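Both complexes below contain chain A, partnered by chain B and then by chain C.
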Partner chain A sequence: MRIRLLPVWLLVALALGASLIVALPGASYAYQDREHTLTGASLQHPAGTDELGRDRLVRVSAALLLSLAGALAASALTTAAAAAIGALAAFAPRGVAWLVMLVCDAFLALPWLFLLMMVRSALPLQASPAHSAAITFLVLAALGWPACARAVYSGGLGLKRSDWIMQARASGLRGAQLIRQVLPNLRPLLLPQFLVCVPAFVIAEANLGALGLGIGEPLPSWGGMLLELDNSALLFRTQWVYFPVALLILVLLLLEAIPVEA
Partner chain B sequence: MKALSRLLRSLARTLALVLLVMIGSTLLVRLAPGYLSDAREMDARYSNTVREELAQEAARSHSLPRMLAREANSWLHGDAGISRQFGVPVRELIRPRLAVTGGLLLRSLLLGWALALTAALVASTRRKSGIVWQAPATLLLAIPTAAMATLCLLAGSGGPVFVMALLIAARDFKFLCRMLRQAWLEPHLLQARAQGIRMRRLLAVHVAAAIGAQLAALAGLSLVTALSALVPVEVLFDVPGVGQLAWNAAMNRDLPVLLAVTLLMALAVTASGMLGGQPSEWERA
Partner chain C sequence: MSGDPLLRVQLDAGYASRAVLHDVRLELDFGEVLGLVGSSGAGKSTLVLSLLGLLPWRGGCVTGEVRLRGENLLQMPERQLRALRGRAVGFIPQSPMSALNPALSLERHFREAWRAHQRIVGDALKDRMYALLEEVQLPANRDFLGRRPAQISVGQAQRVLIALALLHEPSLLVADEPTSALDPVTQTQITELLRGLNRRHGASLLYVSHDLVSVLGLCHRIAVLDAGTIVENLNVEDLSCARHPATRRLLGTLPVPAEVLLRYRSQSSKKSYASTALG
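Up next, the complex of A and B:
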């Protein structure tokens, strides 16, 4: 095992561990053990319970899986959209490219969190927790593409002027055929963008959740669990309240430590 | 003459961007699946027929062209729309909070930059960058702003300026360090250092001139970083600024206020981007 890939293996191990915990018989992130609210670590609840008596370890594990899966899916979507838009702008006529880049700049000028809050607050009042989770990550994916598209556009312009593309054009390759040849060459550019987006989306979801605008209860999320820290009365009863924050920081550190050329 | 034409072109582009941002954000809000939802829909006393009528009425009064025209008109009149929650012009809600947010942003940016520049200067002059300098920045970037603010509150030390300055410093440190390292490797600077010219003179005369344009662009990015941290910081530290107003509007589905604040932030980012891009434009002209 190469040491550079250690963060990836640690993340995989964490995800496997979390899946195992969530899949254990009797483990439920929504079950409320009303006789054991806000308890510390015990055999029954290894990381204690929250103020509603829900097992903290199960909730943290489910939040980890949900957040990683959501961020990975959103990142894949946003990278694919950026690849398509960036490549289109690079190989389209100048006027189209100018317009596409202007739209990119308009998106880049909008601060993420404000836009997220705006779209998130305009959701239906009766949206289910699963819907709110899906919509949160979809909105993240919809807003994350412009920076990546700009990078793809620059890379695409470089390729457009390369000798082999000129040769391909001279040989009669056009439109979709050309793009099919170009996309694999943009992979070294797309992978880092994908890897940069994953921790950014995890942080955005946590920040939104901490403001009460993230994934709805009872689905567990990092942001929702950060809200526990707002109640200082709880903090004196058990130190396990800090467990989700500590794990979130560890996950983010691991995500940021993944070598981009891996 | 060339510089003037570039400036005019840049202004025209900024104006086009602002217009696009206004149209885009209005479109996003209007097309959001719950835009037409009304709190009365949740009231069990209303029958299904009444709810359907409410929805139809909302759809009629919120057609997209009409909404865009109303938005543009309200900005031209300077009141930025009417708050759904308070029933007053949004301008009256934003104006008293602008000074609070402006002060917070300015102090955070100054402290953040001072921290980042000092650390980057020291780190860039060392032979090995070392984990000692990179690790704190990486760790700080891995903590969500809301968590950092909450932990500061729990520890009873550090305020909103401190949290935002740490975030700005952590983000800018890596860029500054890389920039300075590249600048130090310039042949004339290597020669000047070998000749024993004092560090202060080198920084003032050579390094600052070499990285000035990049610093201006980075300043624009710092503003974006600060704005993205504004809402959690103002909400958690109970600072009565624009970020707190936006959060309150989001919680109460007061979309005119949220739209106005978002547009204001976009204006600030666009203007700072334009100013940040100017030094390099002037150099080229």
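Up next, the complex of A and C:
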């Protein structure tokens, strides 16, 4: 175990701990203990309960898992799309490349917050919480690729003119073989893109949730829990309302601390 | 068609803004080694890329004809041309280090080059690969094949590229300044290797270089490219009769007269022939 990868191991430990808490018998993120609402730490609820009497520790654990899984999946999706689109544009005829880059620009120019509101409002009101979570991360993935695709495109253009591609052509390699040879060379470009996207998506989901546009209740999310903080009356009842935001900051710090060239 | 040489070239080539080659005429016979010499900027690399039909990838354009066994490559559709590259014409590039994909193992290089022209990958490739590594005097084992280009020396990389060029036993090898990136000792070894290939397998070789010493050590005939056109075309033995100023200039760079080098070559080839005969 190398010290450089410490943030990764800490994140894995956090995720494992959270899974354990969520999987414990009797743990439910939706169960409302009406006897104890908005309490501090107790034996029964180690991190207290929220306004509705739901266990804060279980909810934070579930939110952590959901947001990490969602952000990782969305990041993988957006990086893969960027790799495919960027590499395609780099090796396609110039007209196609121009068109693809135009689409990228159009995506970058989209007012994405407005788009999210539109997508969310277009959904039926009774859309299930699971659907709302999937849609939130899908929209994030759909918005994340253009910047990365541009980077892949310019990297791919450089590779296209490289000596070894010429050599591969001179050996008679087919087009598909050439693309397969290019992809491993894009790794130093794609890995940082992937790692940059993960925390960006975690924070984006939290922000959207705080606006009420993210993952629907009763599914726990960072955003939903941050909403508690805008009610100053609650802040005086217990310090434990700060627990989710503290954990979110820790997770983001760890995600940012992952060495990009790992 | 019988009576055709292996390669007959007559072409003009250039890039969008400027013409580089005008009316370049070349012929190369079966089993022959033709040295194409010229100073930097004379259009040597452009000519090599034109022969392989690769100039369009560098933004260039070729007109005229490149006839390989009578067939004009320049009028072939790209699909057909691709099937000839690597199989009928092998290419040995100028800078060995940048000509190998840094992300792939050497074995993968062989496998991809093999799959470009063969359906079945199996023992046939393995046997061929090990035979070639022996041929170019590289360690023929899995450890070596598992290495990345960054883990081998420049000389080894050039040998790997020669082995790759020989993979499908092409009837024509085109070498674009294959020794220019190498140290003098490795240069001599590579020239020796190419000479051996020509002698053992009768491979025709178009040897492009600005280094007249290596050309005199290797080639049967020599063509001088100057300012985009062939100004001299003669047997190496007749080199002293050369008239064109560009050729005289090149001859002036030789450390000793050309005759001395040629005499040395005939001696050393006899010697190496004797040693192979004894071995």
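Assume the second predicted complex is superposed on the first by the 260 of 262 C-alpha atoms of A that agree within 3 Å, B and C clash if a C-alpha of one lies under 4 Å from a C-alpha of the other, contacts with A are read in each partner's own complex, and residues count from 1 in each chain.
Everything that follows uses one rule, which is that a contact is a pair of C-beta atoms (placed from the backbone, for glycine too) under 8 Å apart; a residue touches a chain by one contact, two chains touch by 3 or more.
Predicted, not measured: the structure shown is a model, and the values here were computed from it.
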* To do: Using the superposition on chain A, decide if chain B and chain C clash or fit.
  => fit
* To do: Please work out whether A:107 is in contact with chain B alone, chain C alone, both, or neither, and reply first, second, both or neither.
  => first
* Asked: Roughly how many degrees, to the nearest 10, is the angle at chain A when you join its Cα centre to the Cα centres of chain B and chain C?
  -> 90
* Asked: More residues of chain A in touch with chain C or with chain B?
  -> B
* Thinking of the overlay built on chain A, is A:94 touched by chain B (first), by chain C (second), by both, or by neither? -> neither
* Could you say whether A:34 touches chain B, chain C, both of them, or neither, answering first, second, both or neither? => neither
* To do: Figure out whether A:181 sits in contact with chain B (first) or chain C (second), or with both, or with neither.
  => second
* Determine, under the contact definition given at the top, whether A:169 touches first (chain B), second (chain C), both, or neither. => second
* When the two complexes are placed on top of each other via chain A, what is the minimal CA separation of chain B and chain C in Å? -> 19
* Overlap of the chain B and chain C footprints on chain A, residue-wise? -> none
* Can you name the residues of chain B that touch chain A in the complex? -> 13, 16-17, 20-21, 24-25, 28-29, 32-35, 37, 39, 41-42, 138-139, 141-147, 150-151, 154, 224, 227-228, 230-232, 235-236, 246-247, 249-251, 253, 255, 258-259, 261-262, 265-266, 269-270, 273
* Asked: In their complex, what parts of chain A are in touch with chain B?
  -> 102-103, 105-115, 117-127, 135, 199, 203, 206-207, 210-213, 222-223, 226, 229-230, 232, 235, 245, 248-249, 252-253, 256-257
* Structure fact -> In the complex, chain C touches chain A at residues 49, 52, 54, 57-58, 82-87, 91, 93, 95, 98-104, 112-113, 115-117, 161, 164-165, 167
* Asked: Which of the residues in chain A come into contact with chain C in the complex?
  -> 161-164, 166-174, 177, 181, 184-185, 187
